[in-house]
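Read through the structures below before going on.
Heads up, the next two complexes both have chain A, just with different partners, chain B and then chain C.
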Partner chain A sequence: MKTRNKLAGMLSALVLAAVGALMLSRNVSAAGEGKITGTVKLAGTAPHQRAIDMSKEPYCQKLHADHPVTLENVVVGSNGGLQNVVVYVSEGLPASAGGQVPSEKPKWDQKGCQYIPHVVALDINQHFLVTNSDPTSHNIHPIPTKNPQWNKSQPPGAQPFDVSWANEEVSIPVKCNIHPWMHGWMAVVKGPTAVSDGNGSFTLDNVPPGNYTLTAWQETYGAQTQKVTVAAGKPATADFTFKAK
Partner chain B sequence: MPTIHKTTFLSMLLLSLGLGVAVAQNGGASSGFPTPKNDFTASEQRGHGLYLRYCVGCHGVLGDGEGENAPYIDPRPRNFILATFRCRSTSTGTLPTDQDLENSLERGLVNSNMPSWRPTTPYDRKDLVAYIKTFSPRWKTEKPGTPIEIPAEPEVTPERVKAGEALFQKLECWKCHGVEGRGNGPSADTLTDDQNRPIQAFNFHDGTRFKCGSTDRDLYKIFMTGLDGSPMPSFADNVKPDEAWDLVFYLRTLQPMKTKAKLIAKQLGLKPINPAGAPAQPPANPENK
Partner chain C sequence: MAKVFAVTVILIAIGSAIPILMHKWVPPVDISTHGPLIDEQLSETMVEAGISFLAAQFILGLFVWKYSNTPKSAKIRNFPGGATGLVTAAVLLVGLEAMALGIFGAKAWASVYFTPPKPDALKIQAQAGQFAFYFRYPGPDGRFGPIHPDLINEGTQNFFGLDPDHDPDSKDDIVTAELAVPVNREVHLLMHAKDVGHSFFVRELRIQQDFVPGLDVSVHFTANKTGRFEIVCTQLCGLGHYNMKAYLSVLSQPDYDTWLKQQATMQ
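Right, the complex of A and B next:
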């Protein structure tokens, strides 16, 4: 009888500890403490980004007459910072994290026959708005492999489309069949994510303390990973360098 | 110590159960080869036999559209693993209904190598559809979309044909299909499908049948659901159901056969639309600023 009591006591203590740990981790992630900041750089010379010929769409050609739009496969800032890199936590997030889908709705605008932004990072099931600011029709045609493919026409002045993606996918190519130069990417990940800005810097918010694998994905150079540890109340840093091919 | 024995026995049992489950979950995936599917329903089993007889040459054993004949075929055979289908009665981005797939089998796809399978029985086609659906996991996690509602076809009137012409201009159908609907619009020569393969815009003067049928309702469905996987988008978000009929009537005036719409167009003296007549200012939509 004694042994049984002892066993029962130990078991209940274990269960209590486990439940406690779960509650604690949930509290931490809900508080949204922890941050990962960093910079993405390009080593070497960026490939030439050729100018886009928009003569098929007179409105857009006229709009960009002074500053011809170039391809955006590799966009490098003056300090060597690499823009449009998707950074996200690929491993180590507690199961309780990422449960809350951000309520903020990013905008995916079709303006001057370009996608603005060129790359958008989204949480699973996070809604975003597809808008058309041009006086011409666009068809928005994402071509995912892990999500359903759709293709919708958006004439000038049409209401925005409110859409979301249900499955993780880095990254979904998006094109407009009417204007074949229009090309962009949607990265769908679970948990905190960011896209590097013009200086190549990024900030991941709401990362609970812990050990993580961070992935940086660039449309031309692919993905890179590195380990990072986030301590409570102290932002961690993680820098990436892609080599120009 | 009978109590201890009991607990150890229980924990061992639990452990072995857990291990058994883990092994069962990993089983088969380790070999690297696709596991044979023995969990077919009777219908899928029959469909499998029919598939090996009629479909495998083009669509391939794996259903990936890479059959023996595939390299010689343009447009390429459908890849069933992606579960992206052109001809649907459901809105863009959703799975087609079984009936949609059966209709495609029965009708065949005009301007492609896919023949009509009308010589098979309706039961054969049901079984084939059941088998084709085993290739993609999407059929397990998603339900087919709801077929779009199509109002009863109204009477063709000159007003409706004219309204349809205005829509053809406003929606910029002519960007790909050309001002006369000959499939030679400014964007026609750069069109690619979802696999980045070149694809042609439909030429309305070319024939009486479309890829997804030949009736007015089929035509209505084509532009209100889009042909997923192709450059043809869905216009359902920006065309009202009644307006859609106007566009159907106008498109009929571009086709070679004699229709009431065509007669009306002749009486009206309709000319090909003028693309320069399109609006040139950015739209005044507050949502877009």
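Right, the complex of A and C next:
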């Protein structure tokens, strides 16, 4: 009887210690969250980006009369930086990390018969707002394979749609059924993610220290991965270079 | 009460004939060489149908007026059995009228559908898809490259599914969202649908032709006035049907050449 009680006491102590250690370690990682910065570049000559003829929608055609809009399949900045690349942590995130869905709601605007931004990166279940800034109707139609597909018209002045995606998917093509040239992408990933800006730079915030596999996805060139180690309190760097075909 | 009805019927008939007789509703300007025949046919139909309509309404009114006080016990002649002469005459009259319209109208129809385009007509391809029209010009080589449906990609603006890297004929093809044609030149429009049924309708051209999925349909026309006109889809094709349109620009030959050159640089 006595030995049994002792055993039970020891076991409970062990469990308590384990739980305590787990909680402590989580606190430590939360306190020392690091970040990953880097640049995405394109080696070689970017492919020709076709001009878009918007004559079907006179309002949008007039809007871009001085500066015709082109395709955005490969957008390269003056420094060779590649824009619209989705960078995310594809492996190595502890189960406890990235559980918190960002409360910030990115905007997916339909403006001048274009999607702004052209590429958006979202966390799983993160809400985003689809808005229409044009005086004409748009029909937003994302075509996912791992999430339910939908297809909705949004007349001018309509309330924004507040939507989210429940499953990870890189990436969901989006089109407008009324304006066939409108095209964009939504990347749904778990945990920290970013889209490279006009100079090709990106910053992933709130990455706990650890060893990770980082993936960079570009709509024309596909995905690239690399290993990166994040130390507490010190930003890690990861640069990507895509080769023009 | 029956007399009030009789008078109302006749007044409505006269009232609806007035704006037509006063030419208040005129068709839109005609910009095609085959259009006058069609307009003539339409106005003949209007006159014939109008006379029949007025006659029918007047006779209806007169009969209601005249026989409104007939007692219920009066004998009514039914067809078949009685009134055979009257019914035969009516059927012959309407039949002859419809046949006459058909025979005279065949001329207008044949001028578009039974006359092949001239061999030197300008060939332009038109593709209808939910919910926009796209057009393809063969470029300097005069040949259209083959279409590969699996390569159709709206995200890269490859609306026709062309493969210029492997098909030399596709290299100089020019794809546009607007249909521009030179004035006074015959155009042979080669039409196909990408998905469902659509229609190509330009009021001013007096052309309305369906796109049928799986069929290569074609029409030919010569536009004889310059200007910009709306091309609309007139076959219900889905959610965005109401917004499916493009523009037809009829340009002078030099303007057309400039336009085509500019479009070529946009490819």
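We take it that the second predicted complex is superposed on the first by the 217 of 245 C-alpha atoms of A that agree within 3 Å, B and C clash if a C-alpha of one lies under 4 Å from a C-alpha of the other, contacts with A are read in each partner's own complex, and residues count from 1 in each chain.
We take it that contacts are C-beta pairs under 8 Å (C-beta built on N, C-alpha and C of every residue); 3 or more make two chains touch, one makes a residue touch a chain.
All values reported here derive from a predicted model rather than from experimental measurement.
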item: Joint occupancy of chain A by chain B and chain C, clash or fit; value: clash
item: First (chain B), second (chain C), both or neither touched by A:P180; value: both
item: Contacts of A:F161 with chain B and chain C, given as first, second, both or neither; value: first
item: Partner chain(s) touched by A:S153 [first = chain B, second = chain C, both, neither]; value: both
item: Contacts of A:A65 with chain B and chain C, given as first, second, both or neither; value: neither
item: Touching partner for A:A95 - first (chain B), second (chain C), both, neither; value: neither
item: Touched partner set for A:I143, first chain B, second chain C, both or neither; value: first
item: Partner touching more residues of chain A, whether chain B or chain C; value: B
item: Which of chain B and chain C A:N73 touches, first, second, both or neither; value: second
item: First, second, both or neither for A:R50, with chain B first and chain C second; value: second
item: Selected from 127-135, 145-153 or 253-261: the stretch of chain C that, after superposition, runs into chain B; value: 127-135
item: Residues of chain A at both interfaces, chain B in one complex, chain C in the other; value: 56, 137, 139, 151, 153, 177-180
item: Residues of chain C touching chain A in the complex; value: 129-133, 154-157, 159, 176-178, 238-240, 243, 245-247, 263, 266-267
item: Of chain B, residues touching chain A in the complex; value: 1, 3-4, 7, 82, 84, 92-95, 138, 142, 170-172, 175-176, 186-187, 190-192, 194, 226, 228-238, 278-285, 287-289
item: Chain B-facing residues of chain A, complex; value: 1, 3-4, 7, 56, 59, 109, 131-137, 139-141, 143, 145, 148-161, 177-180
item: Footprint of chain C on chain A - complex, ascending; value: 50-56, 68, 71, 73, 137, 139, 151, 153, 173, 175, 177-181, 183, 219
